[in-house]
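Two complexes follow with chain A in common, the first pairing it with chain B and the second with chain C.
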Partner chain A sequence: MTETVASPRTQQDSTLEHSKIRVSADEVAAYDHSGRQPVLLGFFIAVVWLLVGTVLGDISSFKFDRPDLLSEQAYLTFGRIRPAHLNVMVYGWASTAMFSISLWLMPRLCRTRLRWATAATAGILIWTLGLAVGTVLLIAGYSDGLEWLELDGQWADPLLVAGAALVGASIWRTLAARRVHHLYVSVWYVAASYPWFLIIFIAGNLPIYQGVESAAVNWFYAHNALGLWLTTINLGLIYYLLPKIIGRPIYSYWLSLVGFWGLALFYALNGMHHLIGGPLPSWMIATSITASIMMIIPVVAVGINQHMTVVGRFGAMRYSPALTLAVIAAMSYTAVSLQGILTALVSVNRITHFTHWTIAHSHLGLYMFVTLSLFGGMYYILPRVLKKEWPSTRLVRAHILLVGGGMILYVVALGIGGVLQGLSLLAPSEGFEVSVTSTRPWLLMRSVAAVIISAGHIVFAYHAYLLAFTHRGSLTRQPPFFELKPVLVKKRAP
Partner chain B sequence: MLANSFVIILLSLAVGIPPLIFLFMALTSGQFDHVDAMADSIFEADEMRYFRPWENRKQAQQRLEQHGGLLNNPNREWERWL
Partner chain C sequence: MTRLLVLIMGAMATVIFALVVLVILPKSMLSQLQAPPQLKPPSEQELAGRSLYISNGCIYCHTQQVRDPSFTADISKGLGSRPSVPEDYIHDKPHLLGTMRTGPDLFNVGARLPDRNWHLLHLYQPRALVPWSIMPAFPFLFRHKPKADPGDKVLEVPKPFAPGNGVVVVSEEAEALVDYLISLRHDYPAPSNEDQKEVQP
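Up next, the complex of A and B:
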């Protein structure tokens, strides 16, 4: 049995006998409490953005079925609503929830209270203000015109940079004040994400690029925003949640390090594969395809590691919604990464480029991986921060079945529709109209899926409201590890 | 062509070189020693002794042998939702 000892006071104290260091439940509760304000604020704002982004996404989807829908006003046209949906979901929902998850994880893993919590709170508010300004301007017709970088460079982007920098400062200050020497793999992922995001976001928004260079930098940013921001924090969360809930350490800690360092060293050049066939230097495309294929090493390392941690214990998913969502998210990460590597191959890219396949692929990544991971994180974190349990298992069930089922329908329908569209576009005997007609039933199925997913979001938001603002969550039942009750086996007398 | 690529080369280096430096720093500071212990470091005292309702008898026995007498989870965390 592992010996329980007091937590080390300094980094030096912890360099040896790490296996004997066990933190007490009270200490963990104190770490959670230290970040309570920014964590709850971030989650609250994220859920609001989730609902806003859902409405924008639904309208965008319905416009494919009825192109004249809401087209009288310029601000309701597809060209404004669709980028607003993307930006609200990426920067509003996902990034804000990721702030909260980072601010909750770091004190636990660094075994110290959250430092500069006020700066983190201010950062979240400034970020939100920047996004609100950017979204309003976007809908009003002011766009920078680059995918994933549409938010106004003068009024919105500086606020986003300041917000992320403040949250990042709190994360890195907490890291600097850590009371353990070794860094758990989740710390690597979370801490690295903030400088990476600031570098790529500032670089992507600099108004100095022209022509081909601009397109190359655009996809350098967009792809790295996915791989070095959205992916990293969620992988860090999954590496924490899976072993924690199942109650056994990660299958191979070495593999988890291979996954992180592989991503850190190989990922930066991946983005150019979005421009296959474009007027870029051939070495650039070839390098990007090579880097994309090399990503198979960290992806498979992460996939094997996460699968082997859970294997034999999949029944645990029926007992923990957080685990269920984390497992589905982990599987989706492997799936979307392998799909991305496949799509980077020229022969596949010829068919899928400029089709709805790309939208299916991005939703597999941004929803099935990122969003489900974030939902899982919220199911785990909120009861511990609020000291209340989720009030209703029926609402949990409804939420997960709606969003999971809806998104499977979404990805399958749009994936098939995209391939059919691509094949039709390549057929010299078929007119462009045929490619449009062939996708219509699949787009309708996408809209049905979008409605199902939206219902799931409403259920989740309502449940989160019940948890946070009412007394329906059982206040008497503490979250785990607050009390210990021996059963089953009593200690033998010496 | 190379002139158009210059920015991308610089940006890739800006993103890729710092991890390489951090990797060497981590190696020299012993971050990759005691990796098995690191994997255990996220668990709280007695957390591994919680009886998990989804584990079969063999798995529960294994937990008992490795971590000592099992303890019950006193809250609803593992109430079945599906």
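Up next, the complex of A and C:
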């Protein structure tokens, strides 16, 4: 394996700087090794949360088809299982995996070993403890009552803040000790996300808001948790994986800059588009709708930049599940953002607000973009940290087909169901009943999708177990992807 | 970019700017709101019901907001007589505006459905009253006893939904939640016309 990437001389920008650097395989292995403990711990915890969140998501979904399923006990009621699903998936699965990804990316991009790795490990453990306490309290009926901020302000939130701060400290300490001059675009996204997250999470949890202010801060937080935390770290990861696996630099440095600063400026102002038509001063909502429309600039910039980086080399996807997933995730980012911009327009929002269209949008974003990008990252990172290859290409293929196919069904079904629901809620002659009955077949289809996706998660967790805890992977003697084996198709490329 | 300072200062500037525009500024502007005289502060009992509304996640299926009639059907569908305004929420902590209408809006449910017994049975088993309902049943807000003790309020449950033996007794929690639901009525006129929201762009 050679980590050297030759790049054309015409790209006069910082991406070139970075890829010009000749790094020996041993040196890179030393960087990977420096963060081994927190990275592996984070991925392990993330996969456990993924399985927990899957069960909670499945139960929530089945309850729409059978409302009397598991309704005897308070802790199994829909109104507790569903927020538990959200919190476990967002703070357990996605965020913990994102900690590991950041901790793995930074040493490589700064060309130095990870600093304060023990603090990072402690941070991940404290975060996990906070989330576990918060989730148990939530299920037991202690909720702060704000969507995305349900976790108990007294027992859970301080632990989450401390955990994220410790991981962030390790990231920034490593950055301060960097041995490169230029900051690669992934560094911008990853490093900025930690202070962003801490600011918005603390602002969102202060118990000083009342009435509609409490709604404003609720959605200020929730939207930025998506835009300045979940989105940014995953864009950073995709910006790393695409050029790295394909072996050529990012298409344009300027587009990277526009994408990053445009996102920082406009995304932060987006929050009130969750309250369109709501009882807030109308200038607030108008500001957010305007900022949502302006998001077209960073979204298109990132989309073009990433597309042009890969274009002509899509064939390489056959050999690398990480590349396949990163490419699908990058495309989904463009798709979900365009869908979101559309949804923020009053003429569309009057139909789709309050409906399952929003749930389709959520999962297009949090699954097809965030979760697939995280899977891609794990396919790439785990073999390099563990120094063994994923044992089975069949399991990789099964996993990608199950989760990809299942999620397409999920999003399409709820997209259609949501529009039908919205049209019926607007139709003057139709009672509320129609909006329920016309959505039910689509909700049932979502439950079918839920089963397919869950199967995919089990396959992935089993495969990760085989990789980490058995010797199956070490039979493959070569370094990762040394032997070019098509992963997603049976035949070799000519 | 080569400088950490540019990165950190720039990143902080954008998010703090948004924080000022969307949180700090509105907080100071909204602090001058006056509660409308007809809007009573919630009683102990209603607050207890409100916290059950939160802990049982009614918010994930029900909104509490009426939007402008110029671009929605909220008013023509009988959810209220006027769009909701910031003053209506002055006692709400935290807000319960909601984002899903899997079930109907509840901003004026107290005016629409003032019958306690309807609500109690509906919470015990929605399908006993509304066959097509997909609302969860909340049997854990009731006690199932072999026979009623003196002072117990027994819930009349129609045949297919009644337990095989014994009686269903209404708990204090169910009473509090129903009190809260019935208190949800905002049928007084909006405090001042300036607050009536214009149409969004």
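One rule holds in what follows: the second predicted complex is superposed on the first by the 456 of 494 C-alpha atoms of A that agree within 3 Å, B and C clash if a C-alpha of one lies under 4 Å from a C-alpha of the other, contacts with A are read in each partner's own complex, and residues count from 1 in each chain.
One rule holds in what follows: a residue touches a chain if its C-beta (ideal position, glycine included) is under 8 Å from a C-beta of that chain, and two chains touch if they have at least 3 such contacts.
Just so you know, these numbers come straight off a predicted model, no measurement behind them.
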>> Quick check on the superposed pair: does A:P249 touch chain B, chain C, both, or neither? Answer first, second, both or neither.
In response: first
> Between chain B (first) and chain C (second), which, if any, makes contact with A:R36: first, second, both or neither?
Replying inline: neither
> First (chain B), second (chain C), both or neither: which does A:A192 touch?
Replying inline: both
> With the two structures laid over each other on chain A, which partner does A:P83 touch: chain B (first), chain C (second), both, or neither?
Replying inline: second
>> So in the superposed three-chain picture, is A:A316 touching just chain B, just chain C, both, or none of them (first/second/both/neither)?
In response: first
> Which partner does A:R179 contact after superposing on A: first (chain B), second (chain C), both, neither?
Replying inline: neither
> Does chain B (first) or chain C (second) touch A:V23, or do both, or does neither?
Replying inline: first
>> For A:V212, using the defined touch cut-off, is the partner it touches chain B, chain C, both, or neither? Pick first, second, both or neither.
In response: both
>> Once chain A of both complexes is superposed, is A:F220 in touch with chain B (first), chain C (second), both, or neither?
In response: both
>> If I apply the document's touch criterion, which positions on chain A are contacted by chain B in one structure and by chain C in the other?
In response: 181-183, 192, 195-196, 199-200, 203, 209, 211-213, 216-217, 220, 224, 228, 257, 261, 264-265, 268-269, 272, 280-281, 284
> In the complex of these two chains, what residues of chain C are touching chain A?
Replying inline: 1-2, 4, 7-8, 10-12, 14-19, 21-23, 26-27, 29-30, 33, 54-61, 63, 65, 67-68, 71-73, 76-77, 83-86, 88-102, 104, 126-127, 132-140, 197-198, 200-201
> Which chain B residues qualify as touching chain A in the complex?
Replying inline: 1-2, 4-5, 7-8, 11-12, 14-16, 18-20, 22-23, 26, 30-48, 50-55, 59, 63-64, 66-82
> Can you name the residues of chain A that touch chain B in the complex?
Replying inline: 1-2, 4, 15, 18-19, 21-25, 28, 108-109, 180-185, 192, 195-196, 199-200, 203, 209, 211-213, 216-217, 220, 224, 228, 240, 243-244, 246-250, 253-254, 257, 261, 264-265, 268-269, 272, 280-281, 283-284, 312-313, 315-321, 324, 383, 389, 393, 396-397, 400, 474, 477-491
> In their complex, what parts of chain A are in touch with chain C?
Replying inline: 14, 63-64, 67-68, 71-74, 77-80, 82-83, 141-147, 175-176, 181-183, 188, 191-192, 195-196, 199-200, 203, 209-218, 220, 224, 228, 257, 261, 264-265, 268-269, 271-272, 274-282, 284-289, 346-347, 350, 353-355, 358, 425-428, 432-433, 435-437, 440
